[in-house]
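These notes concern the structure reproduced below.
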């Protein structure tokens, strides 16, 4: 098990190397130029040229890439061209909001979607099932920013229940922290809730046909006990899988959600960095994303072995 | 053993979500009409899509005006008899823009689904059959998959310019790995089947094996996957245009109509509402078709009572 | 293991990651009433006001760094850090004396050597500074409080150069920081202005924090723009960056922020309807919209093609696309200088007035030899102003029967592409849009965009002998009447040769919660004199 995990971690290195090279080349051939953004509209072309030289952006591709990799091997992600802050520090500032948003979304999703899916499966074919599934298909079809605007309008402006924007660090208390995250998490979670509810229903339907559920039923276990203990446990593999796939979905959605709700997270940092051509920051973030993605997939594989003893590596 | 070299791929990374038919399908009917009657979701979704295609194709004849003609004197008008969906911040007719926008969304959705399926299919087949290429290809796919599609698209847009072609390219690149993994998984599991094994052992050439045994079995899951890709591509297009990295403003698309109206949602909500409603209905239609097809094509479902 | 263990494990991992992210410093509690939360026009992405010259950097820098002089609302430079100045009768030697009590945020006193180093770095980057540098014999510290600047030729605009609010401003920094290469970013943000920059709480793209500098000694005069006493009445100013204007509007309505620098016009009626919100014009000098045309390539290397654009363009369309229905927010601009300022003139501007003549414009295009070649128009989609201008231009070119190659991209790309002199088909361009703060267009001093010295001119590289001659005359002008006469000639020459096409003059609102008082009009948001009650 441990050896397997170790091998998996090692096998991610080439993946991340490919991502790094890919992103670096993409940025190198991209036409934008951070020097002109810095210099502003009053600067002369000669000024821009000198700023570019000072940033080392006039160096050939291999030299730039080489020095970046060299620093990376010393665990140095470099320094932002614009803010002059270390990239690692900028990412660290932004991780908490994004991670919080994702965690709350995930928890919210599981709290809503799994019971919905279980109920739909239990009541399969009835109107309850159809309403839930209709909601699920609909949730899939509405863009995240539309949901965000509607939520902000209703809950923040009309009824003044929750703040419209911003982020409060968890260190300042659980409720202030949660308050700022509820609306964005619901907006972001919509697609996700729809997806997980559908998967849960499908997996449960399959499991409910199995013999041991009939046995449990015959033994007189209560309906709830059967559903949530026996059946759900066995339906866990596909659910966990989709939770994992959804991480990529979440990262994408977070970019939009963070701008709509003005949350100072990684998504906004990424867009800002791309629009300004802050190369070291973009590279650092993409590397982080691919690392997280690989890590999540690893976690999921490990989770399989826990929820389903038949799977062994 | 790493997950990517196991003969059976890690569960779930490959399989599209499965869902039993929403409606009971008591009798098996034959023919296209029969198929649609057996699978009403496909029928409903298909009809909606057909309607949207008609709207897109015949947009110029559906009482529209030039969707790009600006008229700052008539800006932000409420929906009325003159402007059915109102006008936007530049005085352009939203009804016309939304109808023309249908073309962009459908083009993006279909083109991405088609391109991603074909390229993903080729890569998946190669990875499934050529052992030495498998590792390299799947590593690359892992890499691509780990970059969120939206970031990839924003970077590509910055690389060249905003255009429908680039939007398609960016979303396609992001979707290819999913198809490739699906196909590779199917290939690997089929290769274990006795009849494929037999065909290979009896000296049938690989292209023939692929043509006869592999492709027919890949079609069903791929078709289902393609509908989901189509739906998610349309949403992604909207999001890209929304953050200013998608379709250029000279071509009306639902995404950029919403992007232009977003700042005004508090005072002029209709600017966002109409394109959002069209987008939702379209995505809904594609999803209905996808769900229906999956139920119809998934052999496992055939067995369930 | 069972499901519960898995869930616990997951939750544990999440909790661990969360606590790991607690680097964010705690905000001082209970000081809400003394903290002013401000939504700026753009993100503060870097903070070296000499190295980077975006407007937003300048606005933040004016809180942290002080200047020797500051202009007032009549554009007259008034003493700020300086107590007295003296100029020799030949106009060549300037001697300045600093006022007492000046201190940097690190506690050290402001000395003449700090000023000398700061002016040296500034004069390597600023257009007026560069002129001074070219005329300079020596710039030295005489003693701790006195420094002198000896020139080869008189420079009548000396005090304006030192006090102007146009970026880069002549901000005074400690010598050790000012010694940074002017083309490299400095890493310490220590000034002697009324606010301290809290670097530890700076989250670029989200937040920037400024604290009152308690040792700051304001002047006794009434504050007017950058002149006079900078009295700070709050403990903290927090800049909250909001990428989405709809969110900023909602936050202001909800009382989550106190002051929004530039609300978009269409939302102003909602803000005005809220009894807790005050709205007024922010910067009375407004902005000048600019439609730049590349003078190097056909068809626009022919003046007739450029005139065709002036003849056909409707400034009203550009302005309405931007500011909406509010007529008090824009003015047609048949010229280049800021309306309402002394040098404003409409001399030669007839071509921009009256009914737009598409037929005559098409004929001019034909005479210029235009035969339907694609016209490359690069438009930044991430800036609302350039985006609106681009949409109108696309429509205009279509009406003119021109074949438009519309390159929709972001500001970073436009910035790089506009520097390309190659033909449009090979990575160059025909047209792009931008805008200049009205404060930069009050006279030719900081108005790079008006220069027409060919290769050395601003992007578009216009060449116009008459414009250049008159600009030199302006720098040597000794009276306002003389300046006005020169400005009229500059204006006419610049329109005749179409240095660029002005798209109009526009103003913007600013909005604040009513519990904030002291918000005044000015070329930049002014934080001194602003107070807040709970």
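Just a few scattered comments:
Chains: A, B and C, in written order; residue numbering restarts at 1 for each.
Note that a contact is a pair of C-beta atoms (placed from the backbone, for glycine too) under 8 Å apart; a residue touches a chain by one contact, two chains touch by 3 or more.
It should be emphasised that the depicted structure is a prediction, and the values quoted were computed from it without experimental measurement.
Viewed as a network of touching protein chains, the structure reduces to a complete graph with every chain in contact with every other. Here the chain at the heart of the shown protein, by mean C-alpha position, is A. Farthest chain from chain C, judged by C-alpha centroids: B. For the pairs B-C and A-C, the larger set of C-beta contacts lies at A-C. Chain A and chain B have CA centres that are 21 Å apart. A straight line joining the Cα centres of chain B and chain C is 44 Å long. The distance from the centre of chain A to the centre of chain C, each centre being the mean of the chain's C-alpha atoms, comes to 37 Å. Multi-chain contact residues of chain A (touching two or more other chains): 30-32, 149, 153, 157, 259, 275, 277. In chain B, the residues that touch at least two other chains are 158, 262, 265-266. The multi-chain contact residues of chain C, meaning those touching 2 or more other chains, are 244, 246, 250, 382, 410, 412-413. If you check the complex, the residues on chain A that touch chain C are 30-34, 36-45, 47-48, 50-51, 53-54, 80, 82-85, 90, 92-96, 99-100, 103, 149, 152-153, 156-157, 160, 163-166, 169-172, 232-233, 236, 259-262, 264, 268-269, 272, 275-278, 299, 303, 306-307. The touching residues of chain B, counted against chain A in their complex, run 1-4, 10-13, 15, 17-20, 22, 24, 139-140, 142-151, 154-156, 158-159, 231, 235-236, 238-239, 242-243, 258, 262, 265-266, 272, 276, 279-281, 283-284, 287-288, 291, 304-305. Note for the complex: chain A touches chain B at residues 4, 7-8, 11, 14-16, 18-19, 22-23, 26-27, 29-32, 124-125, 129-130, 133, 137-138, 140-146, 149, 153, 157, 195, 198-199, 201-202, 205-206, 209, 237-238, 240-242, 244-245, 248, 251-252, 255-256, 259, 270-271, 274-275, 277, 282, 286, 289-290, 293-294, 297, 300-301, 304, 311, 313.
The touching residues of chain C, when paired with chain A in their complex, are 1-3, 5-6, 10, 13-14, 17-18, 20-24, 26-27, 43, 45-48, 51-55, 57, 125, 127, 166-168, 181, 183-185, 187, 202-207, 240-244, 246-248, 250-251, 253-254, 256, 382, 410-413, 415-417, 419, 427, 434, 436, 440, 446, 448-449, 456.
The part of chain B that touches chain C in the complex is made up of residues 68-70, 72-73, 75-76, 89-90, 157-158, 161-163, 244-245, 248-250, 262-268.
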